[in-house]
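Listed below are the structures to be examined.
The following pair of complexes shares a single chain, chain A, combined with chain B in the former and chain C in the latter.
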Partner chain A sequence: MNDFSVINKRLPRVDAWSKVTGEARYAADLSMPNMLYAVLLQSPLAHAKILNIDTSAAKKVVGVKDVVTYKEAGTIHYGVSPARYDETMFCYDKVRYVGDEIAAVAAVDFETAMEAVSLIKVDYEELPVYLNIFDAMKEGAVPIHDDYPNNIGAEVHQEFGNVEEALKECDYVRTDKFVNKKQDGGFLEPQACLAHFDMNGNLTLYTSTQTPHYVQRTVSMVLNIPIGKVKVVKPYVGGGFGPKASANTIELAASLLSMRTGRPVKMVMSREQVFMHSRGRHQFYHELTTGVKKDGTIYALKNTCYLDGGAYSSFGIATVYYAGSLLGAPYRLPNMRYDGYRVYTNKPACGAQRGHGGVAARAAWEQQLDIIAEELGIDPIEFRLKNVREKGEVTCNDFNLSSFGMKECLEAIRDRSDWRNKKGKLPKGKGIGVACGFFVSGAGYPIYRSETFHSTAMIKLSEDGGTVELYTAAAEIGQGSDTVLTMIAAEALGVRYEDVKIYSGDTDYGVDLGAYSSRQTLMSGHAVKQAAEDVKKQVLEVLSKRLNVPVEDMDIKDGYIVFKKGQVDFSGIRSYYVKEHRGWAEQPGDDKLTFKEAARIAYIEKGTIVSAGAYKPGELGGKYKGATVGTSPAYGCSAQIVEVTVDMETGKVTVDKMTDAHDCGFAINRTNVEGQMQGSLSMGLGEALFEEVKFDEKGRVANPTFGEYRIPTALDMPNVNTIIIESNEPNGPFGAKEVGEGAIMPTIPAILNAIYDAVGVRIDELPVTSERIYNAIKEKERKK
Partner chain B sequence: MKRIINLIVNNKAYEIAVLPNRTLTQVLREDLNLLGTKEGCGIGDCGACTVILNGRPVNSCLVLAVQANGCNIQTIEGVADGNNLHPIQEAFVEYGAIQCGFCTPGMVLSAKSLLEKNPKPTEMEIREAISGNLCRCTGYQKIVEAIQAASKKMKKR
Partner chain C sequence: MLLLPRFDYEEPKDLSEACRILAGLKGNGKVIAGGTDLLVNMKKGLISPTCLVGISKIPGLSEIEPQNGSIFIGSNLIVAKLTEFEVIKKKYPMLYEAASVLGSPLIRNRATIGGNIVTARPAADLPPPLIAMGARVRLKNRRGEREVELDRFFKGPGETIIKKDEILTGIILDEPPIFSGGNYIKLGHRKALEIAIVAVASFIVLDKPDGIIMDAKVILSSVAPKAIHAVSAEKTLIGEKPTDKLIERAANLASQDCSPIDDIRGSAQYRCAMVEVLTKRTLTAALKQAKKSR
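Coming up: the complex of A and B.
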């Protein structure tokens, strides 16, 4: 046991009461006096030139206040990576997918806006539609973006060691292919926003986003408003998982319409629009060649990947790097080559989604490693244990594993799942499988090139001394960052959890790159811890002067001042405080000096007590091209065992049991860590077994509903035996690192490996539908 | 043409004029300002808009307001007793059953409806009762645990 008072415990979320009573407000719940409603006109065609846009009829509808197209919006290009700013607020030359935004109408109510938008007439000249990467890359295909004639929007070529030479030295080499399907974020809250451009020239944008900071920059750039005049506020957000990590068209359109009309403008996406906007997981086509030595040493990996990117780049430049850079890292792999290609198609843009870029690659390779282990006659856990890296090692692509509890994860799941008595010993139709996972704990670099701090934090003590006000621009999107940051502040300062009041998700509170790449606990946590330690020092310094006790002989804990060298007479401060606060609630009465009294004295002495913290990663490894994607101050890792039942008659898979160990460095809130693990596994299970965004021949999303695009229900998900491994990360606040995304990594391959154990077939295409397994079983029987 | 309907919502009587195409979700949210009822899909797939109507959990997006005329409705705002949380809400807070919170109101109401009919449900019965309420954050485990805990707590009272 440690002697922390707040962290490492199971405290309720700071927002639990608001959320459980329905009091919590999300973007769609907001309204303002005099507010207009706006809706988008989106393209019905997947690829076409725009010849003419006629908005005259729409403008005549009674109640319509404004209609905007590219003519009003301009054509400033934006996107996620500055190297691929390939989007504009509205299409001007052509449309590139069904759903591409062409115009927006603001009206006195939603129905009027909908009626008006249906009256906008657009003339198109249809172009060939490319719904898969193979057609898009064909010789002579029409470029979806002029700058990329072969529709390959990004290419990566990296080699560490010498893979061709290394493969020659291997005793066993095999090549496998693998493909997943486009996955939807599946968050419950559709995107919504409310923009208000006031008469003083300030824009306030309330929006459902993971990244207020990036939205602020994009809005400022596209609408040409000084950045200091743009304030982005994130109310409660109903999940993001990646697709809400960049600016979207409704945020820009609502802002533009508010600037033009002088009235607040609200926009809300329908569920169908969420599917069309997408930005979820790419489809990845991997081909992996792995070479091993006789004794089971993994020696070389050649990874080729084509990504179906959809119509725009979004986060895809990072994705195409991540699909290569993360793969080999958990193992002692000296030779790795990666060739990645991200291809434009006429489908909704793909972007970042939980386990960014690495999920399909991990599924493919961990299944291949399972095959190799079997070929070599080594138990798959022993095979992995033989190859996994340990703390302090550096990967061939320069990732510094400053903490790394992979071995502990594997041993824990092996022992807790009774692996030794089950593997290979279960009856036909029942199977058990294992896999490992790996992920960054915060992107080492911002998405735009800058020396900026990644997170800042500010603490102000209320002048009465009773409350610690924590200001951070970090984005609480459901993952629990408000709770974790509150706990870190309370622990570092020495006050109680309930004494800290957090204000977050507002660009006026500082810079924070936001909730993506599993960065909030480590990066924002550092900034908060620093600010809290500084406040503590300021209070103790004043106290030191008053009481004539050296600072180092005092501490603050649980809301009290601790005198390390015996009791100190503080009756002067006590009577002074009581005199000043006559009649107030909660007078200090016990025999210990409270933080509240000390903080009040500090205010009387110095004025308002404020402090600031700021964090950016130190020097990170890797000087090669693309080293910025994948390098991180710390890496999380995990291992998982899944047990399944496969119905031999129908091919239906039921996941019976999951045992998951995750090294999160140090659990700030144990309940939250388990929640992240269980949620990740559920998303992985969905992608493994049934999630697939489908398209019809015209490029329309064929299943844009939760009825037809199925995410796991309470009946699909088994209970998970969650095991928290704490390796004490030296680069993390209190030793903490990620859990939010890495936990999804082992799920799909563990399911695939369990299916093989159950029925003896390998599936190389997701989702693993009953049909796919049934056919594979029949195929196997026929070959016998 | 608007029609006058009478609703009892959280034990309070309302007489409202509504257009016949307005859903109960819309009327609760926009006319009565009960914004705790969430809309996640609008077509009855996700369960975020669940309310209890005459004792049964329903997707309020699939109920036209005029159909609810004369009905007794409970929304998330009517679950707590003033500042005292209902035992289900207490358990959701304590067991970490909440992450983003968007499914939470509907989830609490489905759970409440279950426990009113079946105070000692099995795990499978709980999972079935909330299978129409989608949650992308939690993997459901802590929600199930919270409902089990609430069931025990409510028995004691």
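Coming up: the complex of A and C.
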């Protein structure tokens, strides 16, 4: 056991009480005096030229305060990656998907705004609609964006080693195809915001976002306000999973309307609008060719992928890179070639979603590896164990695996699931499958080119000495960063968990790139740890002077000062403190000097005690084009075993059990780590078995409700055996790295491999509905 | 966001007042009993009644009442409650099964048996077992009351024979015959909060435990505009001694008795195949129960 006081424990979340009692306020709960409500006009057509927009009737409605289109908003282009700023607040020349934003109306109430928006008249000239990448790429297709005549918005070509040569040296080579479906983030809280532009020209935007910092920059740029005048505040957020990791139209429109009307403006998306805004998982069409040696050594991989990107780029430039680069590990793969193409279509834009870019690739490859292991007659776990990388190795695409408990993950699930007694021994209809996963622990570079720190933190001690105030712009979106950062601060400073008060998610508190790419614990954790250690030093330095004890002979732990070389007479400080605080609650009574007393003395000596921490990754590997996507200060890995029952007559799959091991470096909060694992598995199960955003022939989302878009219910989730592997990451605070996204990686392929084990069919198209399995079983019977 | 349109709300204290109000509304009123479907449709603008008439204050409509061998189930009884009565579990187990898989706990706590019938969704969970067991519905207006077999109640999606001034006050289920058994299976994607891809309710009556089939009902749901009988399957079963072979033949006929459509939940072909599987399974379970029942 270690001797940590706070971290590595199972402490309740700092927001547990406010969430379970309903005290927590989300963006849609907020209101302000004199507030206006605004709604969007969105395109009913998937692809059309805008000929004219007539807002005159809407403006005449009593209670309407403002109507804006591109004429008022301007046409400054924005997006996620500066290389592909292809969005404007409102469409001006054409609409590119059903839901594309055309105008916004602000009115005294929601009903009035809705009525007025229905009176805006738009004349369109319809253009051909491309609902799949094949039509969009056809010779002669109308470009959805003028700069990309064949509708390929981004392409990537990377080669490490020499794949063609390597494949010739292989004993066994096979090619497989795989396709997933467009997945929705499925977060429970639809986007909502409240913008307030005050008399001093300061804009405050309360919004449901994962990335206050990026939203601040985008709002500032699009509305042309100095960045220092824009403050973005994230209230409690009910999940993001990626789609909330960039600025959206309601944030921009509400801000614009507030600036123009001088009144607070609130906007809330409906569930249908969430589906239309999307920015969720792309649809990936993978073709993988893998070559191995007869002894089971994985030797070469050729990966070609086409991504259905939807109408705009969003995070897609990163996605198209990740769909290749994340296969560089966890196996010793010396030769890898990747050709990726992201194609514009007339559907909602896809973006980043949990396991960014790598989930379909991982599913495809882990299923293929399973086939290969079977062909070679090697147990799939042994096959993987033979190939996994270890700590200190560097992948062919230059990822430095500074810690890597892949082997430990595989061994743990093998032993805990009783794999040896089950694999190949289960009755027909029952199956067991395994897969591995791999993910970054924070993007190595910001989404815009900059030398900026990725996370900063401030700590201020309350002047009475009793409370540690932690300020961070990190985004608590439900994943638990407030809890983790509070624990890190308490541990590093030496105080109790409950002594730390966290203020987070506000751009006034510093710079933090936000909750995406599994970066908060590692990056914000570093900044917080640094700030806490500095505060500790400041307090001990004052104490050292007062007590005449060298700083290095003292420490702070559990809220007390520790004198390493025996007791020190601190009665002077004690009586001084007691005299000053006569009548206050919680007087120090015991025979140990409290942090509270020490911190008070430090304040008396120096004034308010404050400190700051800042983190950015050190030198990262990779000099090739695209190396900025995938390089990370650390990498998480995971392995999973899934057991299923397949109803042979209906094709229905029941996932009976999941055994999951994840190397998170070091668990700051063990319960939180397990929660992220459980959540990832549930999301992976949904994508594997149920989830698919469907469209009608006009490009409208056909199932924009949680009735027809099926995320798993509690009853669909089996019991999960979660195993935490701790490999002590040298680049992480206290050895910690990611768990939020990497944990989803093995789920889909482990389910696919288990289904194969149960019924002997391989499914290469998600979701694995009962019907798809039924058809595969019938097909197999026919071939017999 | 979807907004409810403006409407008035009445909450009569007894049936005659309810009937009077409904008659006075001249077709612009709608009874609300749960509203899990009604309010959503109003939000979507599919229907726009000027007044909703709540029936929760009317005595007797939220209860189950024995009536000389039969039971009367008040139309305003919530689905969750339906599963709590011993009599339902024991005597009408297929109704219990259907009620247990309807929607989610949240929906079951609000939706009512009457609402699930009157809303007439092709995939509704309660009508198939009720039809299979020969349930009747009681309809009342200012002028009087009538009882109609549930089997004759539905016309198509959202359409029934109920008149605009009528209230469905309850469902009557007769005592199940001796040596009878029924079973309901719903095939969905998820384990809860699911609209059926296909559902089948089967009910059979034997003349004695190892005797012949006196009566058989095979009701198919989600494969037609309303729940339908697998007519040729039923015909094949009646008068025969039940065997696995017979059941298989009936199941196969059932899949030919329907002509489902392709939609986002499943293809027609898969639905037909599943009708066969579920018919076989429900008949097998119904038979097992019938042999034991007395």
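The rule is simple: the second predicted complex is superposed on the first by the 784 of 784 C-alpha atoms of A that agree within 3 Å, B and C clash if a C-alpha of one lies under 4 Å from a C-alpha of the other, contacts with A are read in each partner's own complex, and residues count from 1 in each chain.
Convention: contacts are C-beta pairs under 8 Å (C-beta built on N, C-alpha and C of every residue); 3 or more make two chains touch, one makes a residue touch a chain.
None of these values were measured; they are calculated from a predicted model.
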First (chain B), second (chain C), both or neither touched by A:G480:
first
Of the two partner chains, chain B (first) and chain C (second), which one does A:S270 touch, if any: first, second, both, or neither?
both
Greater residue coverage of chain A in the superposed arrangement, chain B or chain C:
B
Would you check which partner chain A:S770 touches, where first means chain B only, second means chain C only, and both and neither mean what they say?
second
Go through the superposed model and pick first if A:P427 touches only chain B, second if only chain C, both, or neither.
neither
Where does A:F690 make contact in the superposed view: on chain B (first), on chain C (second), on both, or on neither?
second
One more residue to check, A:S682. First (chain B), second (chain C), both or neither?
first
Which of the two partners, first being chain B and second being chain C, lies in contact with A:G377: first, second, both, or neither?
neither
Using the touch definition from the top, say if A:T713 reaches chain B (first), chain C (second), both or neither.
both
Which of chain B and chain C A:L188 touches, first, second, both or neither
first
Considering only the contact definition stated at the top, list the common interface residues of chain A for chain B and chain C.
270, 706-707, 712-715
List of chain A residues in touch with chain C within their complex
110-111, 114, 268-270, 649-650, 652, 689-690, 694, 702-703, 706-708, 710, 712-716, 769-771, 774-775
Taking the touch rule as given, give the residues of chain A at its contact with chain B in the complex, in rising order.
10, 12-13, 15-26, 28-29, 185-190, 236-239, 241, 270-271, 477-480, 671-672, 674-675, 678-683, 705-707, 711-715, 717, 719-720
Sort out for me which residues of chain B touch chain A in the complex.
29, 34-46, 48, 75-77, 79-80, 85, 89, 92-96, 98-105, 108, 126-128, 130-144
So in the complex, which bits of chain C are touching chain A?
1-3, 104, 187, 189-195, 197, 264-267, 270, 273-274, 277
